[in-house]
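Next come the structures, one after another.
You will see two complexes here that share chain A, one where it goes with chain B and one where it goes with chain C.
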Partner chain A sequence: MAGKGESWLRSESAQGYALISPPFLYAVLLLAAPLVTILAYSFFQDGYLTVVHEFTLQNYIATWTDPIFRVILVRSLFVAGLVTLITVALAFPIAYYLSFGLAPNQKARWIFLITIPFWTSYLIRVFLWKVILGYNGVINSALESIGIIGPNGLIADPLQMLNSVGAIALTLAHAYAPFAILPIFVSLEKIDRSLLEAGQDLGESRWRTFLRVTLPLAMPGVVAATLIVFIPTVGDYVTPELIGGGKMPMVANLIQAQMLPLDNRPMGSAIAVSSLLVVAALSLVFLWLNRRFLKVGK
Partner chain B sequence: MTDKPMIAFQDVHKYYGDYHALRGITAEIRAGEFFSLLGPSGCGKTTLLRTIAGFEEISSGAVLIDGKTMVGVPPNKRPTNMVFQSYAIFPHLSVAENVGFGLRRDPRSKSEKAKLVEESLEMVGLSGYGARAAHALSGGQRQRVALARALILKPKVLLLDEPLSALDRKIREQMQVELIKLQREVGITFVLVTHDQEEALVMSDRIAVMFEGEIAQLADPEVLYGRPNSRRVADFIGVMNFLPASVTDGPGDAVTAEVAGLGRLEVAPGQISSAPAGDGAAVGFRPETLTLLYEGQQASDREAPGTIDEVVYYGDMTYYDVRLDGTEKPVRISMRNVFGRPVLEVGTRTRVAWSPGALVLFR
Partner chain C sequence: MKIPSLKIYAIAYLIFLYAPIFLLPLFAFNDGTIIAFPLKGFTTDWFAKMAENDTLRHALSNSLIIALTSSAGATILAIFAARASTRYRFKGKGGIMGLILLPMVLPDILMGMSLLLVMLEVLKVNLSIATVILGHVIISLPYAIAVLQTAFATLDQSLEEAAVDLGETRMSTFRLIVLPLVMPGIISAFLISFTISLDEFIVAFFLAGNQPTLPTYIFSQLRFPSAIPVIMALGTCLVAASILLLSVAEFFRRRGVKRTGAKDTGGFL
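Here is the complex of A and B:
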């Protein structure tokens, strides 16, 4: 009979560990380790040019008593909320059309078309919006050339569109549209079409059937789309920097400022952890509010 | 049951592009009857049912329900309710919410509606299930919920689209009986679509057998089984044996057939059905209309000699394939097993008792 160690090495559980160890290592090194580092730093003290490895809550106290942090956090949440609202509201009709308006053999082609914006890098797409919305940008030039903007036109000066919350929201809504369309599309695809016939058979109009059957059954997709858009847009760095021109900083810009120019990594970490907790709390509340749509089984 | 038509199809045609799914259906379904649309898949039976519900627009002709034309009337405005093949139970609602789904615009109070829902659940044997989540139900329970949900609205017609096909055999047979009882109780016209001929025979007052978008025969189960009007209907419903025959007409109405294996016999006009062109004339008879004679037994009418070719034992029944002398293809004979009577063996010489009145001539 083989020894205990040898038999364990051949056991199913050992094979299981061997199989999951690469993704586990990946998760530890690339997800858990950075998070733990940030968490640890948020409790350290900032010395001049160095980090003093001593426990303190000072960073958190400073963060939450700083009115600028609160203004920026509220702005981040507001922008992300606005982006999410626009994106999901526009994504739903598109997903509905993909699922209900197209022949089955057409769907793959349309989904392919929807992913085309991803062929261009995010950064370049943000830059393009800058070109479109800029003072001498595409929109203003076009309006000038047809005489709406100009000394004798409807508007005297070119429109100031950049450096505004609206421009940030527009850019982000464009970037995240496919992320919202796809989960909603999937949840609509999963709806048994005979349920819609049953709704009508039981005396409801198409619109009422949509409200009573289609929409509640699509809610898991809507919830997923909301979170997928909301969570990353709260922490978006590039768009407020480029489209907001640095005049509309969001939380990520604040963290970046602490981490690099101000070289206060403990403070940056505390802000990061604080906003992470706020977003997590908001997400949980949102999930809880939608719990009755999410527990539907097969 | 009355003879007043509840549903009337008047030369109903349905095209899907070039495909001619319904080819001139003209038929009436009586008020209060249990009516079945029976046929193989693709024969148009489900399409026809869906023209009643309003899910299919017909290309030409008319569908009338209770004397009113249904052309252009959407499903939610028709006096029909449907039990879907998949049951279409709303997974996001409880059992009670499913059953009460159609009561939204009902003017009655909330508590009256709740009572109505409970009564409907009781009617289908699910009392006390109201609070359960619909997605946690078994197949048989889903079907009951679908029934309660449709019947609570007191439709003039209940449409059933293969409602039993997804159930186990035992539950299916139990549900067949329950459905018949329920139909008698509520007195609503039931229209059932099925591909299962046994189910149609068990449950229906009348059956329309459909092939390729046309009704081949519309009759009550006994006529359909005993006197199918074509070889195709005969083949589709139950087992029918065929023996080639040569037919001579006259004198008068009388028809004489010379049947391989059975000999010469006279056929009454009511026993004659059509055979598809190209097929020669044949007589058909059901397995149970023939009897194997044991030694010493006498036929009450006529008998023919043969040899047992195959024996299939079913417990309550035994099927014998017997090659009658002078024929090539064996005929199937079913015999009820009686305690103490041995099952005969393959190769045994035997005699078969038969009666001319039980057969159908296809020509």
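Here is the complex of A and C:
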């Protein structure tokens, strides 16, 4: 017994578990446990200055029967869907260029250039779009100073661009662009280049080789890019607040209002869990459709 | 799919990515109180005003404390996770790593609100910069792991075996062989975590209580038009600092790849 225990302690699995346990414990305590807490609180009830720890479905009923919640949820999903479509469509040619158009020693430099804006203050980048699109902002004042906007110009009044779904979508698409490029790039890099040569040797045109070989093989990257952009954008707080001017709230703004100023944490939790479930369900449907589509394609 | 037209597209795309950032220095040095064209003239007043601001200095020192501590924590935890996931096989590895890497895809607000709930309702602790540090470790850990995994994965295992054969213990092998080889990766992971923490807004917004950090201070100032030029100056400094930190991180990442003799496939992810 002792010998067996000792050999297990020296075994590869035991060492692996020993090494992984500090980060794993940290994630359990500060990620998994808090998420479970949200779930639990979504079934509690808010009393005055305190929380009543009794099981109730009231928060969920209130959430789903509230037309405002439904409008905000639909808006969040629509904006996130639009942003995902724009970012992935714009990102694909970039990823393709990085993978097929560049010498190997140039790739790292380009990827670095693309990722820099992504790491630099998200808040400031969003705020800059407010400055760019504002009524007295960069675009309007630039058009005014060259005479396009004004009493004698083509357009009489400055353009009203802020506080719209389009402005929110543009800002988010700009913020999440690198998120979409990297997964597609990784899947393109994995493609065996001889497959493409084979396609062309067998008489396919470059375009048809792209459609029938490259694109299907790049699909895992496209799927990953879609989810990696869609899920965080549904839950974005800063952009609707700054670019939507507080008039176009999305789910995160609703949650923040419940958690902090209104101090109804069970309600905030129920909204978060409800939204998360909808996003998870949509993601699963997307993955399932994709698998089906790819199978039929073969 | 002709390559020259793709190249033009790629360059246009880069310009689109960078254009907003270039407005920062343009208006930070502009002698006008509103952010609009035409530019008025050159001034460094906004930077001087920024340096005089006491709340801002407080926010800066808070942000630096948070960034230093949380990135140290994230890097140490990431060394364990990256080593375990690249070197050892064990049951449930996929699930465990999945949980640790989850914050990469989860909206940050979920981390912010769930930690807020735990701190206030379950643990009944007061919000402070300590609670922000705990949250920032969770957020930067996946990125630190991504950097370190490449560093550990490109390591030649026969080097370690040779050291053990020559009589070194496991610990001394790690210290003498593995650690020096992955050191550039460790520095890179630390700098990236530092940048993430310095720029992070939403978790700090939920968890800092009444303590300002640089991003929450910026957010609180955005509704005052008179404060905007100073924010442009501050933004210029922050973005310059981020780019500097990332460039140093990239330098170390590349050096690490070179040191282990692997091919550079590029990128942090």
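As a convention for this text, the second predicted complex is superposed on the first by the 272 of 298 C-alpha atoms of A that agree within 3 Å, B and C clash if a C-alpha of one lies under 4 Å from a C-alpha of the other, contacts with A are read in each partner's own complex, and residues count from 1 in each chain.
Everything below uses one rule, namely that contacts are C-beta pairs under 8 Å (C-beta built on N, C-alpha and C of every residue); 3 or more make two chains touch, one makes a residue touch a chain.
These figures come from a predicted structure and were not determined experimentally.
Peer 1: Could you tell me if A:F78 is touching chain B, chain C, both of them or neither one (first, second, both, neither)?
Peer 2: Neither partner.
Peer 1: Which one hits more chain A residues, chain B or chain C?
Peer 2: So, of the two partners, C touches more residues of chain A.
Peer 1: Taking the superposition as given, does A:S269 touch the first partner, chain B, the second, chain C, both, or neither?
Peer 2: Touch partner of A:S269: chain C, not chain B.
Peer 1: Of the partners chain B and chain C, which touch A:Y60 in the superposed model: first, second, both, neither?
Peer 2: Neither partner.
Peer 1: Regarding the shared-chain residue A:F293, is it in contact with chain B (first), chain C (second), both, or neither?
Peer 2: A:F293 sits against chain B, while chain C stays out of touch.
Peer 1: For A:L195, is the partner it touches chain B (first), chain C (second), both, or none of the two (neither)?
Peer 2: Once the two structures are laid over each other on A, A:L195 reaches chain B alone.
Peer 1: Hey, which residues of chain A end up touching chain C in the complex?
Peer 2: 12-13, 15-17, 19-24, 26-28, 30-35, 37-38, 41, 51, 90, 93-94, 96-98, 100-101, 104-105, 107-117, 119-125, 127-132, 134, 136-138, 140-142, 144-145, 174, 177-178, 182, 185-186, 189, 206-207, 210, 227-228, 231-232, 234-238, 242, 252, 255-256, 259-260, 265, 268-269, 272, 276
Peer 1: Provide the residue numbers of chain C that touch chain A in the complex, in ascending order.
Peer 2: Checking each residue of chain C against chain A gives 1, 3, 6-7, 9-10, 13-14, 16-18, 20-21, 23-24, 27, 34-38, 77-78, 80-81, 83-85, 87-91, 93, 96, 99-100, 102-111, 113-118, 121-122, 134-135, 137-138, 141, 145, 192, 195-196, 199, 201-202, 206, 215, 218-219, 222, 228, 231, 235, 238-239, 242-243, 246, 250, 254, 263-269.
Peer 1: Flag every residue of chain B that touches chain A in the complex, lowest number first.
Peer 2: Listed in rising order, the residues are 53-55, 74-76, 80-82, 84-86, 88, 90-92, 101-102, 104-105, 133, 135-136, 149-150, 153.
Peer 1: Can you list the chain A residues touching chain B in their complex?
Peer 2: The contact residues of chain A facing chain B are 192, 194-195, 197-205, 208, 212-213, 216-217, 292-293, 296-298.
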